[in-house]
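In the two assemblies presented below, chain A is common to both, partnered first by chain B and then by chain C.
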Partner chain A sequence: MARHQGRGMASINYPIGMNLGGDPSQALVHANPDGKFTVALSAIDLGQGMKQVSRQIAAETLGVPIEDVYVDTADSDTGPHDMGSFASRGTHRVGNAVIVAAKEARGVLLEAAAEELEVNADDLVTDGKGNIHVRGAASKSITVKAASQAAQFKQGKTISGRGIFLIPLSTVNPETGEMSPVTAYAHACLVVDLEVCDETGDVKVNKLTSAYELGRALNPKMVEQQLVGGAWMGMSHALYETPEPYYPNPEHGGRDYNEYLMPGPGDIAPHDITVLERPAPDGPFGAKGPGEMCANPVLPAVANAIFNAIGVRIDTLPITPEKILRALKAQGGARPQARRA
Partner chain B sequence: MLEFRKDLFADERDDNLNVIGKGEQRQDMLGHVTGRTRFFDDHGFDGLLHLKVVRSPHHHARIRSIDVTAAERAPGVKRVIRGQDVPLNKNTLLSLIDFGKDDEPTLAVDKVRYKGEPIVAIIADSEAEALAAVKLVRVSYDPLPTVFDVQEALKPGAVVVNETYPGNYFEYHDKYDHQKLRFGDVEAAFRTADHVLEERYQMSPIEHASTETNGTIAAPETNNRYVVHSCAQGLFFSLGTTAKILALESNRLHFIGGTVGGGFGGKVDSLTEPLAVLGAILTGRPVRYVLGREEEMQFASPRGAERHVIKDGVMRDGRIVARQITSYFDAGAYTRLTSYGVVKCVAHMPGPYTIPNVRGDAYCVFTNRVPATAMRGFGVTGVDFSIEVQMDKLAHLVGIDPMEFRILNAYRDGDMKAHRRVAHNTALIECVQVVAEKVNWPLSETARRASSLSGGGGARAAIPPTVTDESGRIGRPETRQAPPQLTPGAAPLPAYQPPPAVTVYQPPPAHQPAAPLPNYPSQPAAAAPLPAPAPPVPNAPATPQHGAARFSSVFTRRR
Partner chain C sequence: MARMPVQFRLNGSDRAVFVEPAETLLGTIRRGLGDFAPKFGCGQGTCGVCTVLVDGEPRLGCLTLSVTCEGRSIETASGLADGPTLHPLQAAFMEHFAAQCGFCTPGMLMAAKALLDRNPNPTRVEVVEAIAGNVCRCTGYEPIINAILAAAQQRGVRRA
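== the complex of A and B ==
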């Protein structure tokens, strides 16, 4: 019996947004009389952080503190239309709609402030702390709160904005497949270090090292959550999960978490992540979207690392101990490949 | 552990921002960690009723009769719903964007096409009473032959799973049994390649395994409307689907959701919304329909299985000159979203590499299993697994380091992609370089100096003369390409023999392949290469059905 060390890698890209476009998202932004903002959406927060990302985008665009913005989603009576949270479209599509809506609301806010300050709205800037002042003259200022109160009770203005973002629908050529699938791609490369036991077929993932290019990490903590969780899911897809272990035989599916195998806490490997940011020209502050793609490089990297460890190729997922042992038997034992670094 | 490489692409970014880029805590975090956040199932109603469904024990069977008399008399039962009670008992999810034909009942009527297909819904005072009444429903079946393998399902004369698509394939553009990608001439390139490697990969089905199972609570409001607490990943998508199936105007539905206990693609199908609302309409009371864990794992749509056969031509110096990918997506018994995933897969071919000759053929195939749906990485995860293992094998074959091999073939700004759009904003090379540095993976000077920003475009931006063909014309199965020949030594997939049906059933007359079209000229094996890149051929815009921009101009109009 021996445990063989292996290292494998994979690199991928991932399309951002619904394939072919045609998937609009809308946003409404409005202020209460004290200059506190609500963003109304019908986007879905599945735990990925849709509300928080929208909130940060709105606060940045409005030029107000993040505490002054809350996101209300999803109620079909109050939230404008959105296609939904899938296809890595949430941040890109909803985020852009929020920017459009927030810009419009900011425009009214600055007009109201300009009227109170008796200056040109084009000369006004926000400090992100709740104040509006003349560019280069911080003393000539008004609070967001005062400007909002004036707008609503004195000037009769609604500090609100409407936003929609739509990538026009692309056709698909039946003969060549010519199409415009998406406008932005995220990228990743990942290395897996693991060991394979040639007696039990057990695979232990020891370390993940990755680089993800995401356009812009709008909230690095949430990006980290996505990437760590997504890598776990990729590891699980590669080595553990399936409702049909002998596909295409449809039997033997798990009925609960005792029967449906996934990596447990003891199987989780340290993950060293580096984030690169090449802004997408049409992304909100350049953002793309890490949610879906982060699992993808793990699957092939694990398979490639197993080959590196024992010299067998398992091309059918998941790579179970049974498949490894059968392949080792067919090969006549482990044939470790060249070590890498 | 997470760190940034802010030095890369710095001149393309404004890092002087207030809130963006800050790890601010979520507005809903405290609610989540203290258990106070309200999900769909946290909405209590007086007089709440519970809905459970009777599911098929067979993978494929004709329904001879359904007897609900005992169930209707069972304690606590308020209502039994059958297929004929559903206003529009045939739907396909993407009909909302005019893609595909209605092919799936909410409750099966004449036939079940997968094990676990809902047939009857029971609404009772408690879950226990609903479950007890489910056991009292007597359904008589004539089991039918089954098909579980995608390539078996595509053979002429195979068991017909879903009569809406009698060839067991989704129909693309009213013309082909699959979606094509044609760029250059792979056959010619294979002939000149130093090595050709063909391998087969199998992605297994996967359960989404969200913490929260699928479910809905629907309740009548006093204004002739229904409030619907939904777990949907697309609120208006689910609202539209429910309105269509129940033949309601959309403003009679008030959907509330947005805070969902995980989805990963498993909450796009509106598995519970239509029946819960129908139950509220028929009983006048609030109705809760939530899948149990076993139902969720066994009968809610999973990520579908995918089979990818990749054939590559590679030169000794490591350049990939041709890549051909044949993909089979196992949709299960109904389309749901697999037809879309197939097109997304084709758009993704041949991966993030610049390859001058690419051919793709991707099929959405119907089999007698639980319908598949979207899942994280939909259309891409499976083909990426296949491509990246193939890349590793190719690197090994030509004796080049796998990272060097990726960098050599990586797409760069200005390169033409196989779907005929120029790449921009690329960063694959930099990701590989950063990881290599992190793990001390030795790279050559050339690989270290490579950049996504340079070396692309020019000749790499050209659209090559492209060979097109009419393989896979609908109704002409003989034109479908034979399954690609596997390289000797490739591991065969495990053969699966479905168990014999218990009841002896006399099948209807064998499926007759559609007769060849009259006066149809025989197709040459391959059309002559085009003299020049064909200009884009926009499809004629179709009339939108609902006023909004629809996918009708892209695909088959809904019939």
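== the complex of A and C ==
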């Protein structure tokens, strides 16, 4: 019996969103009588940060404090249409739609302020703290709240904006099959260090080291949160999770939580993450977003590390102790591969 | 079958309810008393999202019969904050990004509170053991463990 050390790596090139029917997202922004703004979306936040990022983008574009923006997500009855939160598309697609909507709303806001101040709207700027003033003349100013109220109660204007982000459908070249499925790609490289026991087939992940390139990180702490949690999920997919863990057929499968295996808090490995920011030309403030990519590179890296450790190539997931033992038996024992320092 | 009267304290308030003999504490707290902090997950004691404290000990609300709680003191995540002031654990969870979807959070908080109440200065291994019965799908546990350790440290600082 021996525990064999192995190291595996994987590099991935991951598309942001998809191109089926243009992949649209929409956003509607409007000011309330108290000078605060509501962003209505049908995009969904299940904890990944859609709401926070939309709020940051809207506040930045409108030129108002982030506290003055409320994001209303995930009501497909009242929100404008959105394809959904999947395909790593949220930050990029929804963010772009929010920018378009917020720009239009900002235009009306500045017009309303210009009318009150009796100046040209082109000469107005926002200070991000709830005030609008004439460029170079901070004393000639009006609050966002006063401008919103003047628009609503005096001028009869709705301070609102509509936004959509739509990528033109890419046609397929019938000769070559060539097409442009997406406009932005994120990238990652991940190294896994693990050990495999050749008697029990048990795999213990010791360390993850990764580098992610995902455009500008609009909220670096939330990006890190996604990458840490996503890598755990990748490890879970690689080594634990399946609805059919038992040989030979699904009738022997798990029926409930007790029989659905996932790594617990005692099974996590230290993860050293580096985030590289290369702003995407068509991303909202250069963002692409971590998305599904935070889990994906872990799976091939684990499979490669197991090959490196014992010389067996397992190509179905999850890589359970049973599969490892069967493969070792077929191969006649472990054959550790060369390792680089 | 006839319903039975039960009295216990819930987050410091005396409560009296009629329960079915086979009713779970989780059902009584949620449906009977309207405290929706503890969640219903697997319903078979595996996921830990229903974790509440019974006389300071972590218990799975989905496997605890309400009739066994006569005269006991029950704590849920709803009772952690003191008005607008968050409990140190809640503040640490927020600062360390220990919640994403939030479904496991009420159970994690209570498992962590039980630990810190009896062991104010736990090691990392003790924290891992304390939350080993609580499943989280989003965070990868690391931020939760860090938050609990930070809350312990914070409390220590305040006590000193």
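In this text, the second predicted complex is superposed on the first by the 323 of 341 C-alpha atoms of A that agree within 3 Å, B and C clash if a C-alpha of one lies under 4 Å from a C-alpha of the other, contacts with A are read in each partner's own complex, and residues count from 1 in each chain.
Assume a contact is a pair of C-beta atoms (placed from the backbone, for glycine too) under 8 Å apart; a residue touches a chain by one contact, two chains touch by 3 or more.
Please read these numbers as outputs of a predicted model, since none were measured by experiment.
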item: Contacts of A:133 with chain B and chain C, given as first, second, both or neither; value: neither
item: Touched partner set for A:106, first chain B, second chain C, both or neither; value: neither
item: First (chain B), second (chain C), both or neither touched by A:4; value: neither
item: First, second, both or neither for A:273, with chain B first and chain C second; value: first
item: Which superposed partner A:220 touches (first chain B, second chain C, both, neither); value: first
item: Per-residue touch tally on chain A - higher for chain B or for chain C; value: B
item: Which superposed partner A:258 touches (first chain B, second chain C, both, neither); value: second
item: Which of chain B and chain C A:231 touches, first, second, both or neither; value: second
item: Residues on chain A lying within both footprints (that of chain B and that of chain C); value: 46-47, 221-222, 224, 230, 233, 256-257, 262, 271
item: Chain A contact footprint on chain C (complex, rising order); value: 41-42, 44, 46-47, 97, 99-102, 128-129, 131-132, 134-145
item: Residue ranges of chain A touching chain C (in the complex, touch as defined); value: 46-48, 221-222, 224-225, 228-233, 256-258, 262, 264-266, 268, 271
